[in-house]
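Take a look at the structure set out below.
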Amino acid sequence: MSPKPKVAFFDFACCEGCQLQVANMGEELLDILGAIDVVEFREVMSEKWDQNYDVAVVEGSITDNHAVERIKKIRERSKVLIAYGSCATIGGVNGMKNNFPLEEIRKSVYGESAKFFDTIPTHAVGQVVKVDYFVTGCPVYPPEFVKVLKCALMGINYEVPDYAVCVECKLNENVCMYERGLTCLGPVTRAGCNSWCINNGNICYGCRGMVSNPNIKGAQDVIARYNIDMDLVQNKMNMYNKCRELNKK
Amino acid sequence: MKNLILSKERFEHFISLLAKKHNVMGPVHKGYDNFSFQPIKTAAEMTLKYVPTIIPPKKYFMPQYESFLEYDKTWGENMKAVVESEALVLFGVHTCDIAGIKALNIVFSDRPRDYNYLSRKKDVTIMGLECNEYCDEFASCAMMNNHLPDGGYDLFFTDLGDFFFVEVSTLKGDVIVEEIPVFEEALGRHFKELQGLRARKAKTFTNEVGIEYQHVPKILSDTKESLIWNELGDKCLACGNCTNVCPTCYCFNIWDEVNLDLKTGKRVRMWDSCQNEGYAKVAGGESFREERSARQKHRFFKKFKYMVDRYARFFCTGCGRCSRTCMAQINLKETLKKLKEEYAR
Amino acid sequence: MKIQLKDSLYTLVRGKVLRTRQLTELEKLFEIALPEGQSLDHEPGQFVQVSIFGVGEAPISICSSPTKRDSFELAIRKVGRLTRALHELEPGDEVGIRGPYGKGFPVTLMEGNDIMIVGGGIGIVPLRSLINYIIDNRRDFGKVDILLGCKTPKDMLFGDEVETWQKRVDVNFSCTVDRADPDWKGNIGLITSLIPGVNLDPNRTFAAVVGPPVMYKYVIQELRKKQIPDRQILVSLERHMKCGLGKCGHCQIEHFYCCQDGPVFSFDQIKDLEGAI
Amino acid sequence: MTNRNVQINVEYLTRVEGHGNIVVNVKEGKLEKCQLDIVESPRFFEGMIRGRSIFEAQHITCRICGICSCGHTLASIQAAEDAIGFTPSEQTIRLRRFLLHMENLDSHLLHIYLLVAPDLLGVPSFVPLIASHNKVVRRALRLKKTYNNVCDILVGRHIHPISSIVGGFTKLPRPKDMDAMLDLLKGSRPDIEATIELAKTLKFPDFTRDTEYVGLVSNDNIYPMLMGDIGTTDGVRMDKYGYKKITNEFVVPHSSAKHTRLSRESYAVGALARLNLNYNKLHPKAKEVGDALNFKPKVTNPYLNTVAQLIECVHSLEESIELMEEMKKTGLNYDEEITVGLNENNVIPVKAGSGVGAVEVPRGILFHHYEVDDAGIIQSANCIIPTNQNVNNIEYDMKKLVPEILDKTDEEITLALEMLVRAYDPCISCSAHFLNVQFVNR
């Protein structure tokens, strides 16, 4: 490859855990830095870049008008745009905001001063501008991030697995949560995290977004067997996936 | 054919000695009545009365994930076909799982032969273990005629109270019993006890579904249009668990993984499932089994018809894993029963 | 322990791209040679697995005739990850090749008989291999009819070659498009409309049909009307394939593996199979 | 000089998103305006968590911040358990303390190496250091990776820990896991020692301002991180339920971050505050390092927060090794492994109540407060983040600092202010980002 590609990292509303996840890769990070030229990375760098980016890596959801303008500008300046982390790819936990009327939730947190805050319903980055690569997960699974980065550098596309987390979970030989009497969102959630949460004894919360053709009715039937309030189930499904609804319009 | 006995007192000793010389895998309790084949060093780590493991022993023959080609941009000289293999002893394999291994053997030794599978197969020693009772209500091993030992192992153990009756089936097995001198010759009374057990089993292990398995292919072809398939489709979440845990499912996917230098890399394969979205999709967007009902139907037909047509062997062992694992409670035995009722009408 | 295998099903041989030619906006033709002048030695209708390092592998029909021995040709439509990368290749670049795989057209069985070729859209790709084989061995076959159809005239692959077939005295050629442009002089309409007009002796006719999935049903109906026996109707099926060797399971059609038992089947073999056509 | 006019407006790269602002206005040598605005892009966590099960609380609120997600997790769990009246086991508490140490190590090292060191070495970021100080960068990454790996073993991952939940842990480390963690921790000692050596060579600006330092205090001998009362260097002491009296949140017109004050105009939290309050409870090895670095509480130079962090690192490392070794000796009770999703099994009974969690996270004391109904559904929530508590104190620091350095150049003043703010290790995620400085209309 000619000169090393210029890569910039940006963040919007999020916890910045995903960029930390990248920073946490240890010395492997230096291998990555050997393959690319990081020109902007706000969390750890003061340097700035005024030309176009070969690759923009974007984290976080779009939650106010300012952000809409900013992401549009980033898109214009970038050849390739990677959205990483659930906030960016599917709206993630920020989407829970959309469960409430905007006015109401602003007041509930900021009371009188609510009017100072410009806010719009939470959008995933891909719901505002075109995204070339998606790395879902809250936080991202570093091996997948590296995989996608390599695809971007090679100029080939990456498809987020469209099969359930259960596939990886079974391959890891976990005891299924349903056998333990617990519900789990694995069956409707896209794989690619190597069933991270279940390997560690927790259930799947659906942070990677739903498979393209989930059997929602079937899943509700399954969960309903456990005598749980349907609202709670709905809440659970919406924890990361609320922004899906914006697509339907 | 050689028959031996191993007294229960010596069993622990046997396993410890075996584990000193070999990599031994045995059924280990993972909690919640789930088991898994895991490396073991002592008999105490194993649970011999176990419900079929989450994943069958096929993982030792075709690992969930394996790389089989290392190559780079220069193509020719640096390309290496590789296989990761290790000599293993599998202890305590149930007859249903042995039947599963036999089914896989056929697929991978059918020409053209898959040497990744075959070289691993060569490295595995199989020590079977008889089920004296049903593991649970999901099993249908009697219907599939897999509840009794029928070859496919090196040694076979039957628990007869104070001792194990040990059938030495191959030279490989014989080498092991010779190198670990804890076995005694089987005498007439031992054979008698074995026959006693088999007679008891003949009474308890009866066809669970009430269909002679030879008839299943016909029943399936005649109920192709049945609404039962749609019912399964409505319930199924397409999670793929039923196929991933099945001892005879062998589908896989292939892709390339490059290293960060973008110059070297490998080609890998990972288990795939006919239940997954995209499994049968071709360029142009057409998917040959877009409906979940069609995928479920494919699964049943593959087990009970297609593979029978191709290899004259059923690709269901009756282990019950698919039903046990399905959170949508799609049950193989129940489904077959329903199909039969419909067929009879 | 990692062992190196002497022989593996998955080893690739090196293919060198000799020439490329853009056929249409989406399709490109590649001429590829194996090392040391080795011949691929395929049957018409067979396919190879083509690899690009780090990107992957895909089954592609061989579209040149086996009579052309020092190189072979592939016509590739740009649809996804690998095919897009293939389109970037230039003469001199290398690809990995495995194969040839599968069952092609049973040319020895077909010899001495009349041949009818029905191709729709990209179906012409595997058929081109057969057509050129027949033309190169023309006197071994009886009467030859070629019927081609595509969406619009500019989608017609191998246009100049098709013209030479059209001009030959030893083949009967006809062609149709769904939508014509002003320069079009041929037929307009579905390919099925061409079949009734063909004069044939069903007992000594082999029909080779390749096209998009929807086409088969209607074309076969017409052929059966012409009384061509099912075992003499040959089709080539496309399925998702990964290994090409009857192992990975993706291409299964009932008890057949499309990659090993096909992709060319006689209609007789598959007519009762669920989801084949 | 004294009649100088200075107007500084620190514009952040993220200014566009409205994270934060430093505004300094000196007119004719007189400081007219000096404020730190946090105009954080609001995410409404406290609002959107309403209506959710208490068992989901920690899962959601840890997403407030990726750096201190373990801290948020533990504060949230504490509040949740408090609200439903659940008492965690001794074993659980030990493991939680251990987890908090890992986060402390990870976060402090990130701050020391990636954020402070470039300032002190005169480069804009750690990237140029890869070439000039490759060994140092490698050590930093290695250290971070080590504590991350420990977290991976213990709770699945460091960012948004998986297995630490209300009630305990969903997965407990097996003996071989404990060995692996101990190996990692002990293996990191040489790198920590090298870090101390590096710190000895660094020079920090000379500036002091006495303020009130706030943190957890306790009556036992444990350096309080996970549990305790609230105490201050001005002698205030109260239980955690009084947190609102301590933080005295008030809104100032220029900032969205709620400001806090206690006995005086402002107070500080963080490593420096903790050392000023509990220095004698530190692990002996940490005290040794403190002596070697000439750290003598009460220290009132805010820039030395970085040194305090390093001393705390030694404490966290040594105490976590001791904790793990003890647990290895006694063994763990694996029956305590639990999973509660939506409380399907009623593993943990719920009841209506109100609960507070007060935990020392790397940047200072963090409060979570939930009210739940009898079904365990959250009715209201309140989270007070350390950086918010520090904002007011930083402003007062700046007000004292600016007049002292008016003789310096614009660049120097800006750098001194930036370094001051950075020294507090403002939670990069929950609060502002201080990278780009602009002088306006000087």
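Lettered A, B, C and D in written order, each chain numbered from 1.
Keep this in mind: contacts are C-beta pairs under 8 Å (C-beta built on N, C-alpha and C of every residue); 3 or more make two chains touch, one makes a residue touch a chain.
The structure presented is a predicted model; accordingly, all values stated were derived computationally and were not measured.
Which one of the chains is closest to the middle, using the mean of its C-alpha atoms?
Central chain: A.
By mean C-alpha coordinates, which chain is most distant from chain C?
D
Just the number, please: Cα centre separation of chain A and chain D in whole Å.
Whole-Å distance between the two chain centres: 25.
Could you grab the centroid distance between chain C and chain D? Build each centroid from C-alpha atoms only and quote it in angstrom.
66
Centroid of chain A to centroid of chain B, CA atoms only: how many Å?
37
Please work out the Cα centroid separation of chain B and chain D, and write it as a whole number of Å.
Centre-to-centre distance between chain B and chain D: 52 Å.
Could you tell me which residues belong to chain A and also touch two or more other chains?
154, 180
What parts of chain D, by residue number, touch at least two of the other chains?
As it turns out, chain D has no residue touching two or more other chains.
For chain C, give me the residues that contact two or more of the other chains.
54-55, 80
Can you give me every chain pair that touches, using the contact definition above?
A-B, A-C, A-D, B-C
Which of the residues in chain C come into contact with chain A in the complex?
Residues of chain C touching chain A: 54-55, 80-81, 84-85.
Quick one: in the complex, what on chain B touches chain C?
Per the touch definition, chain B meets chain C at residues 68-69, 71-73, 75-76, 79-86, 107-108, 110, 112-116, 119, 224, 250-256, 258, 262, 265, 267, 269, 272, 274, 279-284, 286, 288-289, 294, 297, 301-302, 305-307, 309-310.
List the residues on chain A that touch chain C in their complex, please.
Those in contact with chain C are residues 154-157, 159.
If we count contacts the way the header does, which residues on chain D are in touch with chain A in the complex?
13-14, 16-18, 39, 41-44, 46-53, 56, 59-60, 63-67, 69, 110, 114-115, 118, 124-127, 130, 137-138, 141-142, 144-145, 148, 155-160, 162-163, 165, 169-171, 251, 256, 337, 339, 341-342, 344-345, 428-429, 433, 435-436
Which stretch or stretches of chain A touch chain D in the complex?
Going by the criterion above, the answer is residues 11-21, 23-27, 29-30, 33, 38, 40-48, 63-64, 66-67, 69-70, 92-94, 96-97, 99-100, 104-106, 108-110, 112-113, 116-117, 119, 138-139, 177, 180-184, 196-197, 199-203, 205, 226, 228, 231-233, 235-236, 239.
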